[in-house]
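Across the two complexes that follow, chain A remains constant while its partner is chain B and subsequently chain C.
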Partner chain A sequence: MEGFLPLTWVIFWYAASAPFIVYGVWRLKKIIREYPESKPMLAVAGAFAFVLSSLKIPSVTGSCSHPTGTGFGAIIFGPAVTSVMSVIVLLYQALLLAHGGITTLGANIFSMGIVGPFAAYLVYKVLRNIAGFNITVFAAAALGDMATYVTTSVQLALAFPAPVGGVLRSFIGFSGIFAVTQLPLAIIEGLVTMLLFTYLFELKPDVFRIFHIEDKATSMEA
Partner chain B sequence: MIHQTIDIIAHTNRLRHIDTRLKVIFAVTTLLITIASTSPIPPLLAFVIATILILFAAKINPGTYFFLLLTPLFFGLVSLLMMSLFFGYDSPLYSFEILSHTFVLQKEGINMGLLLGTRTVAGSACLFFLALTTPMTELFTGLKWLRIPDVVIELAMIIYRYIFVFLEEAQRMWLASRMRGETDFRTKIEVFSMLASTLFLRTIHQGEKLFVAMNSRCYDGETNSLCYREKNPGINITSLFAILLFEFAFIYVTIKTQNMAFI
Partner chain C sequence: MSELRKLTLIVVILVAIIGLLTAFVPNMIGITPQWGGADAAAVSKIGEIIEYKPWILPLWEPPSGEIETFLFSLQAAIGAGIIGYIAGLYTGRKEKKRDRI
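After this line comes the complex of A and B, so read on.
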């Protein structure tokens, strides 16, 4: 939420996100140079991510939550490109939906656009050759989600250390709250992403080829 | 849906034709000073000013504005509650018991919570000022001004265009699934995944069509368009000066009220 983070941390998280975004833009430029047709495709995928995040996932407790979709993006486009897309989508969420904010953008990019996709991608890479595809996708999306929330707890704890016990104590406090509320959501996000891929393969088996990620498609068919 | 409303308001309000750069400078500097403050007074001041500008200068429907404000208000109250219970240690103001567990309200915690709460509400008001008075398309010029790479701006523009196309589509599909009645949790998850995958396939289809359309207009990886606006119009010095004067006064107030607390 806008205005929550102190100025020093606002600057810090912007600076921490910058190198990843620069790398992502570089990757993006390279992809577009090689395959010009991927630009409109990436753009509509960005719009899809925004629309998806404005839809509500059904949740057990009755409250509704928004899917982050970063696991999905990381698997399809790779984590660096997902980071750049998340910058655009987060900016639109702030300006069109009044979700998040401009000062908290840096911190949100770091937790949702960088740590989430990279964690999801890592899990995907590691599990891909060990476990089945469904389990891999589920684990990647759910753990990517959890990584996002853990990072958010760290960010909050660093910004507001407890007077007694410091950062560690407030981290335990914040992550305790997040664990209760976000763990079920991470599992739901994992399930949704898993089913999403299942339906995609049923309806359009060449979905990965469109994004020039052949090796993933071949490993999939096995 | 709220995004459509915000977009329409941004296109129709009274401050629509004010130079985008001035609005961005005003909103962002006020926001930065607000989050740098260590007392709840500057945020309150920023909130009042932003609200006056939104309601009386831009003439935005107060109902819409207060509806938008509900979220930061709720968030502010929650953080006030949490901070007053868990922050601070040697200055208890009041304690009470729930289920044989003693909760102590701490003085530092309440002050911290008030500061955070007011900062959240004031920051959101500044953001709403920008979001409600400036259409996204105008902000692209601002992004170019900030030397954001063309690829990113171009992507952002196409994304913006397609958000509204897909929102309508998603809305229709969601409604169609709702029409079939309430179901159990398992089905809800399945329906949501189905909706998301179908929507994704449609976006791919749309992307292919877009590429064909762009290709047939000699697209070579770059979108060049004529700038129909006046070439690099100068920023209005008087207005800029007025804004800067206000910001300096605001900084002065922030420094003067440093660490001032309510209780």
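After this line comes the complex of A and C, so read on.
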């Protein structure tokens, strides 16, 4: 959507995203320095966002969209680190695929790299003591995905308020496209994230434990 | 059957069901699916609200649909390769550890 965001909003979203990226880079460096053994898992988190955001999946609205893959990294490493990963994904798609754009990069970092991962992280924190491990990861990833596209709808509504009904009216219109299209995709993202999470946890629980992720069922057995 | 296998089976079945539903739902709710991008739908929505021309064009666009498909596939392949490599690495290490014991 290159060039579709008016200049003031381009600047606004760049400015809003910048501090998170700076903090995310700092966090990322800290993790690599203090826990170098977690590097492969960082690569998996980045790669997962890379794969999932390349898959344009048809949806119930008759349109196609793609998942974000940011929930996985957000749960393990926190949302700010995932923000940095999303920049890589968004730059690849903006520069090589004309998907997204450089003018919309700030807005896209905010929705995919900040709000989505923060939502996933929050859902994980709230649910992990109430619900089972798998359900928690599923819900975190799925709701993080939804949050990204709801944010996109808000961003477009703010930039293009309807002449009658204003921002709210536009938001309903845009979320009718983005959020509804995203519903089945978010469920798929939740399911796949849950599977990868459980799989890697079984293979390499010590890396997860560094970041205080303990599968209750497993720790009870031990 | 191990927990992981059970979970894999559940995920595959659920994703397949969602995939099948997607094929039929649009017609059932009275939409003729075009299967275009949600982005394109949003652009036409902007057109309904206000007459708006993008003020800048992408620096570079894939010259054809084939090349676009290639670049999207490349993106997926790079990501899947990394995940597969590391999952394999961890599996190997785990097996080695088990052999020693």
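Rule of thumb we're sticking to: the second predicted complex is superposed on the first by the 172 of 222 C-alpha atoms of A that agree within 3 Å, B and C clash if a C-alpha of one lies under 4 Å from a C-alpha of the other, contacts with A are read in each partner's own complex, and residues count from 1 in each chain.
Please note the rule applied: a residue touches a chain if its C-beta (ideal position, glycine included) is under 8 Å from a C-beta of that chain, and two chains touch if they have at least 3 such contacts.
Here the structure is a predicted model, which is why all the values come from computation and not from measurement.
Engineer: Per the contact definition in the header, classify A:Ile75: touching chain B only (first), chain C only (second), both, or neither.
Structural biologist: neither
Engineer: Could you tell me if A:Ile109 is touching chain B, chain C, both of them or neither one (first, second, both, neither)?
Structural biologist: In the superposed model, A:Ile109 contacts neither chain B nor chain C.
Engineer: For A:Val150, is the partner it touches chain B (first), chain C (second), both, or none of the two (neither)?
Structural biologist: neither
Engineer: So, does A:Ala141 touch the first partner chain B, the second partner chain C, both, or neither?
Structural biologist: Neither chain B nor chain C is touched by A:Ala141.
Engineer: Report for A:Leu96: first if it touches chain B alone, second if chain C alone, otherwise both or neither.
Structural biologist: both
Engineer: Once chain A of both complexes is superposed, is A:Ile188 in touch with chain B (first), chain C (second), both, or neither?
Structural biologist: A:Ile188 contacts both chain B and chain C.
Engineer: Check whether A:Leu158 is in contact with chain B, with chain C, with both or with neither, and answer first, second, both or neither.
Structural biologist: neither
Engineer: Now for A:Leu28: first (chain B), second (chain C), both, or neither, which partner does it touch?
Structural biologist: The first partner, chain B, only.
Engineer: Using the superposition on chain A described above, determine whether A:Glu37 touches chain B (first), chain C (second), both, or neither.
Structural biologist: First partner only.
Engineer: Could you tell me which stretches of chain A are touched by chain B in one complex and by chain C in the other?
Structural biologist: After superposing on chain A, chain A residues 1-4, 6-7, 40-41, 43-44, 46-48, 50-52, 54-55, 58, 60, 92, 94-98, 101-103, 160, 162-163, 170, 173, 188, 191-192, 194-196, 198-200, 203-204 contact both chain B and chain C.
Engineer: Help me check something: in the complex, which residues belonging to chain A touch chain B?
Structural biologist: 1-7, 10, 25, 28-29, 32-33, 36-37, 39-48, 50-52, 54-55, 57-58, 60, 84-85, 87-89, 91-92, 94-98, 101-103, 160, 162-164, 170, 173, 188, 191-192, 194-200, 203-204, 207, 210
Engineer: Provide the residue numbers of chain C that touch chain A in the complex, in ascending order.
Structural biologist: 3-4, 7-8, 11, 14-15, 18, 21-23, 25-26, 29, 31-43, 45-46, 48-50, 52, 54-62, 68, 71-73, 75-76, 78-83, 86-87, 89-91, 94
Engineer: With touch defined as at the start, can you tell me which chain B residues reach chain A in the complex?
Structural biologist: Per the touch definition, chain B meets chain A at residues 1-3, 6-7, 28, 31-32, 34-36, 43, 68, 71-72, 75, 79, 83, 86-89, 108, 112, 116, 119-124, 126-128, 130-131, 136, 139, 149, 151-152, 154-156, 158-163, 165-167, 170, 174, 185, 188-190, 192-201, 203-204, 206-208, 210-211, 214-215, 219-221.
Engineer: Residue numbers of chain A touching chain C in their complex, please.
Structural biologist: 1-4, 6-7, 40-41, 43-44, 46-56, 58-65, 92-99, 101-103, 134, 156, 160-163, 170, 173-174, 177-178, 181-182, 184, 187-188, 191-192, 194-196, 198-200, 202-204
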